[in-house]
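Scroll down for the structure; my scribbles are underneath it.
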Amino acid sequence: MTAVAAYTTSTGEALQFWVLGTVAVIGALCTILMRKAVHSALCLAGTMIILAVFYLANGAYFLGIVQIVVYTGAIMMLFLFVVMLVGVTAADSLKETIKGQRWLAALCGFGFAILLFAGIGNASLKDFNGLAKANANGNVEGLAALIFTKYVFAFEITGALLITATVGAMVLTHRERTERAKTQRERAEERVRAGKHLPPLPAPGVYARHNAVDIAGLLPDGTPSELTVNQTLRERGQIRDVSSEALNDLRALEQRASDRLERPGPLRTGSGRAGESASDPVAAAAGEQTEEASK
Amino acid sequence: MSFPLLTATAALPAVGAIATAAVPAARRTAAKWLALFFSLATLALAVVVAVRFDPDGDRYQLTESRAWIKDFGVRYELGVDGIGVALIALTALLIPFIILAGWHDADPLETKSSRWRPTQGFFALILAVEAMVIISFEATDVFLFYIFFEAMLIPMYFLIGGFGDRAHSGSDENASAQRSYAAVKFLLYNLVGGLIMLAAVIGLYVVAGNFSLQEIAEARANGSLDMATNTERLLFLGFFFAFAVKAPLWPLHTWLPNAMGEATAPVAVLITAVVDKVGTFAMLRFCLQLFPEASKWATPVILVLALVSIVYGALLAVGQRDIKRLVAYASISHFGFIILGIFAMTSQGQSGATLYMVNHGISTAALMLVAGFLISRRGSRLIADYGGVQKVAPVLAGTFLIGGLATLSLPGLAPFVSEFLVLVGTFARYPAVGIIATFGIVLAALYTLVLYQRTMTGPVKPEVASMPDLKVRELAVVAPLIALLIVLGVYPKPVTELVNPAVKHTMSDVQKKDPKPDVEAAK
Amino acid sequence: MNPVNYLYLAALLFAIGATGVLIRRNVIVVFMCVELMLNACNLAFVAFARLHGNLDGQIIAFFTMVVAAAEVVVGLAIIVSLFRSRHSASVDDASLMKL
Amino acid sequence: MDTENLIALLVAAPLLGAAVLLCGGRRLDRVGHWIGTALAAVSFVIGLVLFTDMLGKGAEDRSLHQHLFSWIPVEGFQADVAFQLDQLSVTFVLLISGVGTLIHLYSIGYMEHDERRRRFFGYLNLFLAAMLLLVLADNYLLLYVGWEGVGLASYLLIGFWQHKPSAATAAKKAFLVNRVGDMGLSIAIMLMFTTFGTFAFEPVLEATGETSEGKLTAIGLMLLLAACGKSAQVPLQSWLGDAMEGPTPVSALIHAATMVTAGVYLIVRSGEIFNGAPDAQLAVTVVGAVTLLFGAIVGCAKDDIKKALAGSTMSQIGYMILAAGLGPIGYVFAIMHLVTHGFFKAGLFLGAGSVMHGMNDEVDMRKYGGLRKYMPVTFVTFGLGYLAIIGFPGLSGFFSKDKIIEAAFAKGGTEGWILGSVALLGAAITAYYMTRVMLLTFFGEKRWQPDAEGNAPHPHESPKSMTIPMILLAFGSVFAGGFFSVGDRFMHWLEPVTHHDHGDSPLSAATVTGATMVVLVIGVTLAWLQYGRRPVPVVAPRGSLLTRAARRDLLQDDFNHVVLVRGGEHLTRSLVYVDHTLVDGVVNGTAASVGGLSGRLRKLQNGYARSYAVSMFGGAAVLIAATLLMRAV
């Protein structure tokens, strides 16, 4: 695309515009409509990449690259970090709390768009005298020439701005430790004094057949215990309850066992199973394992 | 430049106010005596002013003039004409009686804390009002006048809202709500009027280039300053509205009954007998002098409004159940007479109006203060709660009757002279108006006598059976007022001679001549 | 196709972003929408650069990016500390402007 | 010393008395009544001195003037405190102070048991002062002062027993009705001021020729209104009956002898004005004639002795007004009848008071009867007064009333005939109701029973202090008329002031006298047939429609009540409502609406950054739209 057409664009670019433009708009819409922040961030990233492509199409090679590297690469990642950091509350409901806000917002946005269109529409934008001349000896060189001559002050000031921003970010996020750090002993005493849950938290996931971290460990009676799952997952509600699966497996095992031992009366076992499983599934499971081993 | 007598007269009560306010909480009685002393001293100064004033001299005397705000040509200009002197004398005369009558009105019911001192505040506020009223009678600079005309509202607001009547009005229980309502109403009405006037004052400055009453009036007179007709009318309306609210003129009157009903009797007297006079006085001094043409243009409407006030006020007075509200409506009717006299544009009418201001002040003070004593004894403002007082407290009843007779302007008492002058003056130019206004005297008799009959005569009500007669302090308040009423009724000459030249000047301002009697006209 | 369409696209994206700012309560998402608006502007700038045939538009876009970066850094920092202080990422919870 | 300086003393003496007695306090209770009486006597003596001095002078220069000080000096408006004493006023002065003194004397006995006697005498003195001021003033404004002064005194005295609601109401009523009349007087004064530029008697009365008849008529009618109020003439007569609530001496002095005749004085004094305004004169005569009959009819129906006498007063004053309305023909006789009436009516009232004094203040004549045995003096004096008022030949009433009837006929034309016959009819009715009173009170058998407490009244003659005045007044009522009319003394005496002229009567004096005698006899006979011959029932029979109406003052009060009182009450009540809702409501309404609006605006500031953002965004949109429109235009 070195020679950018003046008045109209090549059909190739046209095609690209319509396709990617649509995608970009969809991405934007998803950004504002997704319920989970993470998804919004991803959609936004997508939109930005498409924009980068458009930059390139418009002869702004440097900006295109920068857009991908800096924006999509750095800034959006920063966003994602924060989303994680903030312990993404599972999904913020899109239910509106302020009366009429949503309609007003929609109205404003729509009207604003219409107005901008109108503005652009009756602006006299006939002739595109493309960037052929400007980019004659390389786009980056052109930019550099401008930045270090015409916009040098702005450039310097921007630098200062960046420094300031960095410092500011540090200041804002840094928490000065005012009191002495507690020793291990003190913590232990506190816990005892607080009197809740002295032993270490129970380990998650019983069977190692899943990503055990997000599976609540089962209590002796087969009910899952939230405590065993890491807090962040708990907040996100990403806990998989496997107690039912466990019980099903148990039932299956018993079935097989009874088949093999010609022990009649699934009814009896059925009748007793509930109590049995409820009483001591772990023991039963243990017993079954030994059987398997013995085969 | 000689001793600034007028400044002193206005400053003395101000100093007194500060001094009284500074009295420590424990020394309550001392504060009262201090206030009384300062008011009497002011009275003495006012007498000096009246003596130093020469009725046949030039129009404004004892003048003082200092530059104040150079950029806007605002000057500190004082000066009095006969009307001003008369009203200053009235004010200075009434304040001591008001203080004496309100001797116990501000005693704290229970001493809340050592630093809580309502009494000091009460008397300090009264003196502050006196100072402001006096200086607004003296100011010959429109801006200066305006400032004090408005500043008056602040102490009045606290006097009405802070020291209400402890007697229940029967209308409803929570008196404090009623009172604050009345105070706010008073404030709002007068503020609105004042703001409109402020606009007019600025407009006047834009037109005339300075605020000096005398300069502008002269410029108007010798034609060097001619306003466009509409400008003049607008400015006139701006001024008149404020004064009509203060006066008060129908239909801007509704704040007065609330204020007078809720305030203590002495404060009510302060409102109607002293503060409201500034309104009518200002009509005479500013409206007529600065805007003669517009005044003449507005006369018909104003006359009608005044007539309505007279009849309407009297009729409503008949319909009242509350003694103090009744007096308030009677005052509205009387203010109607005053305004009628001012705008009849005859020398009898205007002299009568000025005289009326003085006499109405005294007579209302007498009636209202006695009513206050009566109310304080029974603890109720409702007429229906009284009856047969005449039997148990003859002196109180007698003074009350005399006050009432003065209100219905019985010949031989001061108000008759002024009322008749107003009527004659009006009749001379507008016979129909004069005749309608004459109905006012019948209605006045009606509400006064009905009030007296219901409260004082008839069988003695058990609640009033043990009512004590007037005490020495109260007698000391009422007796001089009554004596004054009689003296001014029989020999009003001193006041009329004080007023006549000023009225002559005003008449020449508006370029009006008295209508000639037919017989002479025929010749 | 006329490159003006880029401008239309930019306008559309901008409006969408703005609407997003208005309707979302999650601070982070709101912030993303702001970014979206910035990008829309950048697109417009670039398109204009092409329109005028000089690079000034691109320069401006460039600066915008820089400033946006700085803004994001500070803004996210603010969000974090805000979350720390009141354990919520909702805009409406920061309604201290109420009388 | 110069005699005109005494004039002020006439007023000053009783005024001083009033001041002393009213301000004096209780320490004067024991001597107060003597002070009052003495001061009244003083002014009577001064009056005598001035009178004798006046007799010594020629007819023309008898009028004295005393200028005290200038009262209300205002540009183009002169009101002075100045007195004028001429034949007319001196006549009044003598009547007022003379009868006044006698009644003071009488009151000493009558009010003996009242603990507020001192104040009573103070009021009496106040009345004397005001009344003398009224007749001595040399300008209408000062007369107005006296005019209202007597109104005040009568208010205080009617309501003297204030603990009785009826008394208080009657007093208020009297004052209010009088106020209406006073309105007329003040309007008349204003008219004079605008017409003549002054309201002193002499200049006004001399300048009457220079102005239009219309003006004079207006002034005259206004003066007539004033006279109606003060002299209880139709339509303002309603207060006189109730005024009898006051102590009897008051009724005698104020509501019979002096104050109520002030209207006659006013009209006669302003004779010049009425002479210039025939229509006004006609109105006066009509009012007089109507009241004459009205009062007489009311007098016939009342059983309350004082009210009966009040009705008679009304009708007698009707005679005077009628005479005054006749112009120069009648002025003299009006005054003459006024004087004689002053004597005999005062005497009658004092007699009535004496009767009540003896009968435990019983006023119902039907409970009297046969009292002549018990109180002979009262009987005799009352009887003489009775003969005088019905015009028994030779007594005062005969001369004065006869002359008025003659003059009425002498007015000439149909008016003359009508007025004359009305006067005659009045004479008949007078004879009837006075005979009725006489018979009911002093003749027949006694009809009184023990009252609720069971203590029967034991009628007795009154003390000397009461009988002596009655005797003196009886003398007056017997001889005054004759003394005046011998050689038309009185006429010549008043001529310089009132300018008498004899009309041309269609009937000879003898005829009129004969007619009068005839109607007199008819009236007396009728009364005797009804009340003398057969015993009188103690409870009044229902009576004819006219009787019942007459008992209610011919329904005048009912009319007033329905029209004025009720209407007034409704008017005021609705006005109070309007003031509170409308006039006040407008203001409060605006205040409320502003408050509501601000409240609604406050809701917009919900503190949510997003809603602020919306408004911001919308604002931006509006701006863009604006710019676009600008460019489009």
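As written, the chain order gives the labels A, B, C and D, with residue 1 at the start of each chain.
Everything that follows uses one rule, which is that contacts are C-beta pairs under 8 Å (C-beta built on N, C-alpha and C of every residue); 3 or more make two chains touch, one makes a residue touch a chain.
For clarity, every value in this text was computed on a predicted model and none was experimentally measured.
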Minimum number of chain-to-chain contact steps, subunit A to subunit B: 2
Winner on C-beta contact pairs when A-D is weighed against A-C: A-C
Farthest chain relative to subunit C (centres taken as mean CA coordinates): D
Gap in Å, rounded to a whole number, between the CA centres of subunit D and subunit A: 109
Inter-chain centre distance, subunit B versus subunit C - centres from mean C-alpha coordinates, in Å: 69
Averaged-CA centre spacing for the pair subunit C and subunit A, given as whole angstrom: 19
Between subunit C and subunit D, centroid-to-centroid distance (C-alpha), Å: 100
Where subunit D touches two or more other chains at once, by residue number: 606, 608, 610, 614, 617
Numbers and ranges of subunit C residues touching at least 2 other chains: 18, 22-23, 25, 92
Chain-chain contacts as defined at top: A-C, A-D, B-D, C-D
Residue numbers on subunit D that touch subunit C, as the complex places them: 602, 605-610, 612-614, 617
Parts of subunit D lying in touch with subunit A, wherever the complex brings them together: 606, 608, 610-611, 614, 617-618, 620-621, 624-625, 628, 631-632
Residues of subunit C that touch subunit D when the two form their complex: 18, 21-23, 25, 91-92, 94-99
Touch list for subunit B against partner subunit D, complex: 188-189, 251, 253-254, 312, 315-316, 318-320, 347-348, 351-352, 388, 390-391, 398, 405, 410-412, 416-417, 420-421, 423-424, 427-428, 431, 434-435, 438-439, 441-442, 445-446, 449-450, 453, 456-460, 490-493, 496-497, 500, 503-504, 507, 514-520, 522
Contacting residues of subunit A [partner subunit D, same complex]: 98, 101, 104-105, 108-109, 111-112, 115-116, 118-119, 122
